[in-house]
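Dropping the structures in below, format is structure tokens.
Two complexes come next, and they have one chain in common, chain A, joined by chain B in the first and chain C in the second.
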Partner chain A sequence: MAEPTYIRLDIHGQVCPSCLLLTLKALNQHCGAIRAGQVEIVVMTDDRQSTSTIPGAVSKMGYQAEVAILEGGYRIRIYGR
Partner chain B sequence: MAEHPFFLILVTSSLAGLLAGFVMHRSDFCVAAMFRDMFLFTDFFLLRMLVLLVVVSMLAFELGRLSGMLRPYPFPLLGAPSLASMIGGLVFGIGMVLAGGCVVGTLYKLGSGSVAGGVAFIGMIIGSALYAEWHPVWSVFAKATALTSAITLPQVLELSPNLLVLPLSAVGAYLLWQWHRQGKLTRPSYAAGHIAPWKAALILSLIGFISYLLVGMPLGITTSYAKLGALLESQVWPEHVAQLTFFKAQPLAYVAPFGSETLRGGPGPAFDAVGAIQYPLIVGIILGAFISAKLVGEFHLHYRIPRRQYVSALLGGVLLGMAARMVPGCNIWHLWGGVPILAGQSLLFLLGILPGTWIGSKLLTRFVIR
Partner chain C sequence: MAAEPRQEKCLKMDSQEDRSVAIQYIRAKVDQLLTLMGTLPLRPEELDDATLIELDPIGIVAGSFEQVLAHLKQTNRELTLARNEIRAVFDAFGAAVIVVDKGDLVEDCNAQALDWFFFSADASQIIGHPLAEVCSCHERLLTSQQIGNRQVSEFIHDDRHYQVVISAILDEANQIEKRVYLYFDITAQKVTEEVLIAQATTDSLTGIANRRKFYSVLTAEMDRAERYQLPLAVMMLDIDHFKDVNDTLGHQVGDDVLEEMARLVSGVIRKQDVFARWGGEEFIIMAPSRDLEGMRQFAEKLRSAVESHSFHGVGRVTCSFGVAEYQPHESIEVFFSRVDAALYLAKGNGRNRVELA
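Right after this comes the complex of A and B.
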């Protein structure tokens, strides 16, 4: 299977709730490709709240989320399958 | 030094601020998000945390009053409920969404390195100082639209507070029990050193109780934003500041629980009881959040954010600063302190903040985060 295309969102320092809003916007724009496993969204952020809200919101929509703690922030990967 | 009337106040407020800042950063206890997420995402999770904080404080304050531990009752600086409080709440709601946090939320965000939080903080100082220009007109409006001269709902109804507060706390406790059984009071978080918001709610209500016990009132900070604004403005325009009636007023005059003399204070630039209570809280919250962020390696300044977010943070801050004086009082003061004792001003503020947050959410998604 081909490697998915990554859509990277750098949301460091932005006003809340930029993380969740911009993630949902990207999900809506690419929903078909994400569900098919062709595209994944990778959010880089320092927003602690989004490590809770993004996985909660995307799982309700049928997507998966994976949070990794990085140096000074978080990487949240959102994928379809 | 220990006999100095401000000593206990300074120590209590500093420690309260430090602990509150640390806990709010770790749990991301954002009051703006509590209301905003309800409108933006139909997410009521954080609002449940506010209900928890209010119900616990309601019960604690009432037990404190009944046992004679908490005095004065109602606490100082609460005024007659008027339409001004509701309109102020509406403007406050818009401001806190645009600023990305309330008057305390922006402080803990600033402490953890948020540049937008810092811009909102500057906006709040500007807004508070601007309010002084039209305070005479607004205070006439507030007096003209006062619904009653009583401070709290039990006073309006001429009932003993426990007859209203205890049944309301029982209803709140039942709701919380139901939410607990349905697993609605917790949710997973992957943030480093995370403190669950329900624990933060309990800690913050304990801090509010201790502040009431030792300082004579729960947490509040916004008069000092005006104070800071007056202090800065008086450096460049001293004659103008000296003639503004708002800065001459001394609305605080009370005897602290463990003091013997009357302490006075107001929004003017001089260091007084208001400064002694609130400045350490402001510094403490920023410092507490800074320590928390440093300990988990998350203190980083990020400047490169869309320009419109800076504009929004500044504008939101100005609205917050003005609104906090129009009410008067902020969300922490009214929601964590006034609502638990059913203060009329606080209940009207709550009524105003709901449509305000809704309008703010619309503006945010239309113009700011796109």
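Right after this comes the complex of A and C.
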């Protein structure tokens, strides 16, 4: 399987629920490709709340989310099954 | 909903006031949708009105809800398939299944359960009734043990041996929601076990107990004799000149003599005596509550019964007897060596006789 394309979403400085809305916007735009495994969204944020609201919301939509702690923030990887 | 009557107004948007009402309405609806998505409501200080309109939150959340619903539809479809799959297994399963709710009322049961426990009654006559009322099997448990979060019990019903495994089904808060009773017919397994135990403790030629069985019973009887200070005596008998029978008349005749000897002795001993084949042409008898003299008399009686019996194809056969009484605190090895010494003495003193140790 080919390596997926990553869409990087840098939302440093934004707080929830804007973070979630921006993430959802990207998810709505690329839903087919994400579900097919061609595209993944990588959200870079410094908002701690997003690390629970984003995975919670995207899992309701059938996506997987993976949170990593980085220096000065978090990386949330969102991908299809 | 509180925002509903304002809808008329916000459609017009011809004044600053109307615009602010419309924004309020959008914020309220977005908040409602965000709450449904499991996140926080919008805070005006984070998102000014212009950005709010530009961001199109209702559009975003509506798009996301479309995906939530699609995902839900897919999940439901998978769930229906899984449920049908479980139902197919449930009905075709070789075991009986009864599901009860937390109040022990029967919720469901499969065809096998109807057949085994409810005389093929209609499931509708069972469902909704207390399990104890429709099935009395659990009142007659033979064994019961807890293995992890399952209770495993055995019982006999209609001459069949069943094992029942009871599992609790927990809800999302880990509270017991239902219980699943899974019944297996283990009759065949039990019969096999019994046959195997019988094989392991019986002498295949004569059908009487073997050395292993004798050992285990004797050990228990020695404990009992010690604890209650009861006499316990053992006699060993050995067929005289048995080698000659085998050598001149053949092994088949020799085997016949052994079988006939086992029958003869079995007909003389008491119910509580234990009679076993020790090996070769040696037999052993344990007599609980008999002392040395009692055992000597018994051996004498046996000796004379054997001597006067005419064995098929051989005629007269005699036996030598060694008798000893168990001494408190004596080891089984020492006890046996004394019995053996008495038998050796009987052989040395001319055979067809009883000697004591």
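As a working rule, the second predicted complex is superposed on the first by the 79 of 81 C-alpha atoms of A that agree within 3 Å, B and C clash if a C-alpha of one lies under 4 Å from a C-alpha of the other, contacts with A are read in each partner's own complex, and residues count from 1 in each chain.
Basically, a residue touches a chain if its C-beta (ideal position, glycine included) is under 8 Å from a C-beta of that chain, and two chains touch if they have at least 3 such contacts.
Remember, predicted model here, so these are calculated numbers, not experimental data.
Taking chain A as the reference, the larger set of touched residues comes from B, when chain B and chain C are compared. Once chain A of one complex is fitted onto chain A of the other, the partner contacts of A:81 are absent, as it touches neither chain B nor chain C. Residue contacts after overlaying the shared chain place A:49 against chain B and chain C alike. In the superposition on chain A, A:60 makes contact with chain C only, not with chain B.
Judged by the touch definition given at the top, the superposed model places A:72 against chain B, while chain C stays out of reach. Applying the stated contact rule after C-alpha superposition, one finds that A:18 touches each of chain B and chain C. Of the two partner chains, chain C is the only one that A:28 touches; chain B does not reach it. In the three-chain superposition model, chain A touches both chain B and chain C at residues 15-18, 20-21, 49, 53, 56-57. Per the touch definition, chain A reaches chain C in the complex via residues 15-18, 20-21, 24-25, 27-28, 31, 49, 53, 56-57, 60-62.
Within the complex formed with chain B, the chain A residues making contact are 12-18, 20-22, 46, 48-49, 51-53, 55-57, 67, 69, 71-74. Chain C contributes residues 34, 37-42, 46-47, 55, 57, 60-61, 63-64, 67-68, 70-71, 74-75 to its touches with chain A in the complex. Every residue of chain B that touches chain A in the complex is listed here, in rising order: 25, 28, 30, 32-33, 36-37, 40-41, 43, 99-101, 113-116, 187-192, 194, 297-306, 309, 312-313, 365, 368-369.
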